[in-house]
Structure formats: structure tokens, C-alpha cells
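The structures come next, written out as C-alpha cells.
Okay, so subunit A shows up in both of these, paired with subunit B first and subunit C after.
Presenting the complex of A and B:
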């Protein structure tokens, strides 16, 4: 096993962690596991791709790469727009599907089933619009640079790691230090009581979707930048996302990120030691182990 | 005319294999409230176990025991029941969506195993030459397809009668009691975990049997047959037909499979060849929207949940039991 495994695992894990934060937030505040969350990753990646291509077209040709990175100025601009669009998509899905079910007081499992239906609809819609051919943000090749200690990384990978770290810290501070964060935690404790105490529950729910979908968009773009963009990418990431959210402990943002890194590292080691064809089984093994040994996760509270 | 008859028999036979899966799901969801998102994986276990038991010996992969078809079906049901039992034992004590996540993961893992364990399952190439029932009639296509249809109809009918009987038995009543009011059932000394696990494994065994009947009907299986879309179709079937109702499960299978087959031929007819893959994804969008719409507007499905009570109770208090979908979590 080479030290390079560490780098690959951390980069993949940061992506998984960002997605898992969205899952853990919806799970702890809206109280259901959202099978459509993976689709927010894919939709985020495709929306950013569409906006970036549109900007490039308006500017007359693809933008030249920024500094050491493989992409031009259009991608960061498109990312901001893509986050807003993905958040809007999540709000629309909530308004059309989850909201009405919630107001009717449907059982948790009906919400889960609805999310399953929404996932297939969203994914097939992507396949219809963009076809299942893989797409790329950039065709530029990047040379991995030595970092010392036998580690090599491309500037894109380092940027992804840095961005993930900043986002986790920001979300954690937001949840623990601000008024909206306090409201979110109150709703996650007890929705009715929080409502009686004067917290605008609907605002909190909207905030959860905006954060979850925004982070999913960032994770999807990272995955698209470092690997490729496919309509199936959200589905393939869904099990690692769930494994990370449960391993980290439902409701814990730092837990989700740490667990995401663990899942990413375990996948990278499996690729190295067992073979790439078994990569997708890693998340299931971790899931089984955590459900057997410690169902509340590393940083979760007992139910 | 003969063509139409053969096509009708073929269509109904496939629909009936789906009806068996749907009946299995009805035991898990309709009667017990257990959400299984890994149907495709469990159906695959049944299909592969039966195929390995019944195909003639081969050098390409393990198995080829050449057993009779009936032994394959039985083996498929037992093996799948065991696998579902293991998945259930892992999560059935935890909150309800963990079962959904675990079954989803199990389906991914099962798909990966049949894809990668080439020495056992033939890998991406699948297994061919699976013996078909009534192989002796193979030179007379109409008789052959009618015989197969009759066999599948008999299986569905037998399952239907057995499951109806079971639903009315004390065992079935305990399941519904647990679903509707778990503390009350616990207070009566019924172990919710044990009954749920039994129902989950029974439903899994039926799905395995369905996988086996499908494999023997088509004669060839490959990993790609067992994608999440299969899970989704079966869910649509049960929800459309009416969960909690065995007749609904069968009716839903025929209706949804009919819509699916019709829309597939519409796609084939309306779109040019290079756009067909793209248009096929619209089919899935349509079924997905239909599922969400039914959950929103008609959660009881076409038939709704069957009232299963003693006739005497019904006469005294003619109120329907609420369907599982309108129950709110406390």
C-alpha cells in the first residue's frame, strides 16, 4: 500500500462528507432518510456544467485555466449559480411532494418512499436531458505534484480538500453559534415544542433544504471535476453517503465529515488491497458493521 | 390470431412473475409495514440460486447441478428467505428507515457479488440455458406458452390462497396489530421483533421464488436484469393495486406491467433509433411521477386495503381499518 492511498481516500472522503452533511441534516430535522439526496449531487453537477458552458459561450470560447487549476473563471461563477439552482430544486421538490405529505402527517416511511420515487424521476430526467454519456468540466490534464512523504496531489484535489474543510467549519459554526442554528437544533429536538416557542418551523425546514442541496451541489461539482459527470453518479454515491451519515451519528455535522473521510479512506484502501471492482461494497460493509456494533454512530446520541 | 394469443400468453406470464414479487412485497409492506428497497437484490438471489441448481454442468462457472426445476424453485425460496432474514435481523430492531437503507445496501452488494464472482455466477455474461418448464412442448410454441402461463397462474393462485389464509390466521392478525398499535400488541405478549422478522423472511422467500420462476420462464439471467428499476416497478405495482390487499398486488402487477409494455412499444414506435435510450428514460420519469402522485392523492391504490376481520366483528361495527399510509407516526 502506498501513501498515495491516503490522498485519494481523503479527497473522495471529503466529497462523501459534504454530501453526508445534507443527509444528516434532513434526517435529524425532517426525520426521514432522503433517497433523493444523491440526485441533488448529480443535478448540482449538471446545473453547474450547463451554466459554465453558457458563460463560456457568451464570453466567446472556453475560459483559460486559472493559475494552477484545470478550470477557468466560468466554473467558480457557475458554482455559485448552481448552488442557488440546486437549492431551488430542493425547495420545489419539497413544496410539491414532501411538504404536502408532511402536512398530512404521513408516516416516516411514506416520506422515504416518496423520496425514492423522486430520486428515480430526477435521475431519469437528467438522463433524458443530458443522455447517459459521461461529461467533463474541463478537458485539461493536470499533473499531480509531489507534496513530500511520497504523496502527490493535483491542485484541483488540494482545492477540493480546502473547500470541504472551510465549508464544514462554516456549517458547524453556523449551527452552534447563530440564531438560525439554534432554531434548527430546537426543531430537531422537538418540532411541535419549537413551533410553540415561536420558532418559524417552515423557515427552518427551508434552511435545511438550502444547506443540504447547496452542499450536495458542491460535492457533485467536486466529483465531476475530479472524476466525471454522469446521471448515475448520485445513485452510486448514495450508499456511501448513508453509511457516512449513520457512522458519524445522525445530526452531527463534524461526525458526518469525519465518517465521510473514513468511508473514503476505506474505499481507497479496498481499491488498493482487494481490487477496484469491490469498491461499491465497502460502504455496505461499514453500514452493516455500524448497525451491528453501534447503531447511534460515532458522535450520535442514543435515541 | 395465433400471434396475438402467443403474445398475450407471454405478456401475462411475465406480469404474473411480477405479481409473485408483488405478493411477497405485500407480506412485508402491506401487512407488516416493513419498507424494502432491495427487492431487485432478493429477486436476483432466487434467480441465481435456482439457475445454479438446475442448469447442466458447465466448465465456465460453479454449479450446474442439473436438478429438476421444482428443486430449483424450492432452493431459491429457502436461500432468499435466509438472506432476507439476515438483513432483517440486522436492522428490524432499529428505526424504520434503517431497514430501507440496509435493504438498499444489500441490493447493491448482491448486484456487485453476481457481477464480480465470475466463477460462481458467470459474472457480467450471466447464466444461459436455464431449463424451462414443459421443455417437451418446445416445438409447439402456442401449447408451450399456454402451459407455462397455466403453471404460473397456478403458482400465483396457490400463493394467493395461502397468503389470504395466513392473513386471516392468528399470525396475520398479530402482524396487523403490531403495525397499527405496537405497544398494545406488546402488552398482549407478542414479540414485535420476532413477528416482523418472520414476515420479512417470508416475503423475501416469495420474492426469491418469483426470481426463480422468472429465470426459468426467460431461460437466461444477467446482472443487468436486477437494477433498482426493478425494485421501483414492483413498488409501483403494489401501490397502484393497493397495499395490504393480495388481489390488489396481483392486479397492480398486471396493470403496471401493461402500462410499461405499452409505453415501451410507444417509445420504440415514436422515436428514431438513436433517441430510444433517451426516450426510455422518460418511461421511468412517468412511472416515478405516477408513484408520487398516487402517494399524494390516492394512497390506498385501486383496491385499497382489504378488510380482514371476523365476519361477526364486521357486522357489529362496519368501519374500515385505516390503511398503513394514513397512519401518522407518534
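Presenting the complex of A and C:
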């Protein structure tokens, strides 16, 4: 096993961790597993691609790469717009589907099944609009640079890792140090008590969708930048995302990121030690093991 | 009941029917009037609908028909968080604090209703009122004793300086000495001008601190009167057993 496994695993794990934070937040507040979360990653990537392409068209051609990175100024600008658009998409899905079901007091299984329906619809819409042909944010090739200790990474990969670290710290601070974070924790623990403590529960639910979908958009763009953009990309990441959210402990943001890194490293090691065809099985094995051995995860609180 | 002017009524229900299921009313046509500064006690046997009534007033149980009025405004369709902002505070019997948060965080959550510049001052007021909470403020609420938890729940409700404080069996599960402390606190809060509505099974102790009491049976008001008079009434004990016996002099 080469040391490069570490870098490959960390980069993949950072993407998984960001997506898992969205899942852990929405699960802890809304109390159901949203299987459409992977589609927010895919939609985020495609929306950013569409906005970046539009900006490039308006600017009269593709923007030249920023410093050592493979992309130009259009991508970061499009990312900001894409986060807003993906958040808007999540709010629309909630308003049309999950909100009415919640209002009716539907059982959790109904919400879970509805999320499967939403996932299928959103994925099919992507294929309809963008086709299933893989797309890329950039056609520029990047050479991985040596970092010492036998590790190599491209500037894009290092940027992804840095961005993921900043976002985890930011979300963690937001949850623990701000009024909206305390409201989210309050609704997560006891929705009814939160209401009579003066918290607008519906506003908190909308905030959670915005954060979850925004992070999914960032994870989708990272995946698109480092690998490729496909309508199936969210579906392929769904199992690792849930494995990381459950391994980290539902409701724990640092837990989701650490577990994301563990899942990413485990996948990278499996690829090298066993074979690439077993990669997808890793998340499944981790998920089963954690559910059997420690269902509340590494950092989750006991029910 | 002595007629009171509308201006003196701070909380009222009009023919209130409510319950968790649409075809299964638990509260059946309750007319309630609470005057400013009053300490009202809600009594009744198990299953009488006392908790459902106060939860309905707090916005936690669906209203089938009728109305809830507070300070002249109709709160019937208002979500719970807006009722709090309107000055109606509720302390549930159980799960009344955020156990994963510290005492201070519990108060911070409740203080978010207030304008930013008033939050710290109001929390300091509550710490002055409940020094034990100030001493333990970094402790998670889940680690508190029953009495301390109840104290935090009341402090949390008082943060917004409510005009009406509603409590659902605050003495449940507490040791007799702690119950005395809780009731003494409630009496002091009421004496400070907060209209208080208390649901309680601890009848004797509660009648001693209340101004007026209402007895609910099967979701309806069966008796009401001065707390001291009702305390001497043998019928109250009988009604507690769910008896349908209603002497003429005790009827509304």
C-alpha cells in the first residue's frame, strides 16, 4: 500500500463528509432519511456548470485558469449562485412534497418513500435536461505535485480539502455559538418544546434545508471538479453519505466529517488492497458494522 | 362566578373543543375566564382533560371549535411560537427543558424572542431570581435533579416576561420538600403580577396558594369557585374519583 492512499482517501472523504453533514442535519431536524439528498449534490454540480457556462458565454469565452487551479473565475462565482439555486430547489421540494406530508402527520416511512420518489424525479429531470453524457467543469489537465512523504496532490484537491475543513469548522461554530444554531439544536432535541420556547420551527426547517442543500452543492462541485459530472453521481455517493452520517452519529457535524474521511480512506485502501470493484461494498460494510456494534455512531448521543 | 369586566380578563376560552383526533374531542366546550393577576387552579381526576386544555391554549393540541383569547387578541389559529411572543408562556409537565444543552443555553434559546439588547439583562434577572441556576449555569440540563429541572423550566418560561404563565403539574415526581419550594416560587411569581394557571394533582397544597379553582370532569367544567371554599368542599374529593354526582349547590 502506497502513502498516496492517504491523499486519495482524504479527498474522497472530504466530499463524502460535506454531503454527510447535510444528511445528518436534515435527519436530526426532520427525523427521516432523505434519499433525495444525493440528487442535491448532482443538481448542485449541474446548476454550477450551467451558471459557469453562462458566465463564460457572456464573457466571450472560457475564463483562463486562476493561479495553479484548473478553473477560471467563473467557477467560484457560479458556485455561490449554485449554492443559492440548490437551496431554492430543496425548499421547493420541501414545499411541494415533504412539507404537506409533515403537516398531515405522515409516518416516517411515507416521508422516506417520498424521498425515493423525489430522487427518481430529480435524477430523471437531470438526464432529460443535460443527458447522461459525462460533463466537466474544465478540460485543463492538472499534474499532481509532490507534497513529501510519498504523497502527491493536485492544487484542486488541496483546495477541496481546505474548503471542506473551513466549512466544517464554520458549520460547527454556527451550530454551537449562534442563535440560529441553538434554535436548530433545540428543534432537533424537542420540536414541541422549541415551539413553546418561542422558536419558529418552520423557519428552522427551512434553514436546515438551505444549509444541507448548500453543502451538497459544494460537495457536488468538488466531485465534478475532481472526477466528472453525471446525473448518477449523487446516487453513487448515497451509500457512502449515509454510512458517514450514521458512523459519525446523527446530529454531529464534526462526526459526519470525521466519518466521511474514514469512509473515504477505507474506500481508497480497499481499491489498492483488494480491487476497485470492491469499492462500493466498503460503505455498505461500514454501515452494517456500525448499526450492529454502535448504532448511535461515534459521536451521537444515546436516544 | 362573579362577572368581571372585559378589560380585566387576560385569558379566555369560548366554547373550546379540542383533541388530538378530529372525531375524538377531549376538551368539550370549555368557557374559561382568567383575570389579570389571578392564580387559577385547574383540578380534575385523571383523564379529565386538564393537560389537554392547557396544551390547547399553548397551541400544541388542535382546536376543533371555539376560541382562545389573550389580551383581547384571538390566538386560536396562532402557532405556538407566536403565542409566546404574545405573552403566553407554558411549562409542560415532562420534557420541559433541552437536556443536551446547558442551563445557560436553555435560557439563551428562550431569550431569542427578546430584542438583542434585552437578552443578557433578562437572563441576569432570572439568575437573580433563581440563584441555583446561576451557580450551575454551565451544567447540562439533563444532569439536573427534578426540582432543578422544574426551576429551569419555569425560568425559561419567564424569560419573555409573560402576562400569563401556564404550568402543567410542576410537582409531578418531586419530593414533598421540593414541591413546597416550587409552590412558594409560583406564589412569588404570581405575587409579582404574573397571571398564573396551574394544573395540579397535589390538590391540598395547590388550593392553599391559588385564588380560584376550576374542576374539570370528562372535558367539561364541573365546578368552580374560590380556592379556599373549594378546599373545604367534600364534593371535590368525590369528583376526583370521577363520580357523576353533582349536588345542586355546587353546580355552575
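Definition applied: the second predicted complex is superposed on the first by the 303 of 303 C-alpha atoms of A that agree within 3 Å, B and C clash if a C-alpha of one lies under 4 Å from a C-alpha of the other, contacts with A are read in each partner's own complex, and residues count from 1 in each chain.
In the analysis below, a contact is a pair of C-beta atoms (placed from the backbone, for glycine too) under 8 Å apart; a residue touches a chain by one contact, two chains touch by 3 or more.
Because the structure is predicted, anything quoted here is derived from the model rather than measured.
Chemist: On subunit A, which partner's contacts cover more residues, subunit B's or subunit C's?
Modeler: B
Chemist: Between subunit B (first) and subunit C (second), which does A:101 come into contact with in this model arrangement: first, second, both, or neither?
Modeler: After superposing on A, A:101 lies in contact with subunit B but is clear of subunit C.
Chemist: Report for A:11: first if it touches subunit B alone, second if subunit C alone, otherwise both or neither.
Modeler: Once the two structures are laid over each other on A, A:11 reaches no partner at all.
Chemist: If you stack the two complexes on chain A, which partner ends up touching A:127: first (subunit B), second (subunit C), both, or neither?
Modeler: Touch status of A:127: first partner only.
Chemist: Figure out whether A:110 sits in contact with subunit B (first) or subunit C (second), or with both, or with neither.
Modeler: First partner only.
Chemist: In the overlay, answer first, second, both or neither for which of subunit B and subunit C A:179 touches.
Modeler: It touches subunit C, and subunit B stays clear.
Chemist: Looking at the overlay, does A:235 come into contact with subunit B only (first), subunit C only (second), both, or neither?
Modeler: The first partner, subunit B, only.
Chemist: Which partner chains sit in contact with A:168 here, subunit B, subunit C, both or neither? Use first/second/both/neither.
Modeler: Once the two structures are laid over each other on A, A:168 reaches no partner at all.
Chemist: Where on subunit A do the contacts with subunit B and the contacts with subunit C coincide?
Modeler: Looking at subunit A, the two contact sets are disjoint.
Chemist: Which stretch or stretches of subunit C touch subunit A in the complex?
Modeler: 58-60, 79-81, 83-85, 89-90, 92, 95-101, 105, 108-110, 112-113, 156, 160
Chemist: Using the touch definition from the top, list the residues of subunit A that touch subunit B in their complex.
Modeler: Result: residues 32-33, 35, 97, 100-101, 104-110, 112-114, 116-118, 120-121, 123-125, 127-128, 131-132, 235, 238-239, 242-243, 246, 277-278, 280-281, 283-284, 287-288, 291-292, 295, 303 of subunit A touch subunit B.
Chemist: Could you pull out which subunit B residues touch subunit A in their complex?
Modeler: Against subunit A, subunit B makes touches at 33, 35, 37, 90-91, 94-98, 100-102, 104-106, 108-109, 112-113, 115-116, 228-229, 232, 235, 239, 277-279, 281-285, 287-289, 291-292, 295-296, 299, 324-329.
Chemist: Show me the residue ranges of subunit A that touch subunit C in the complex, using the header's touch definition.
Modeler: 179, 182-183, 185-186, 189-190, 192-202, 301
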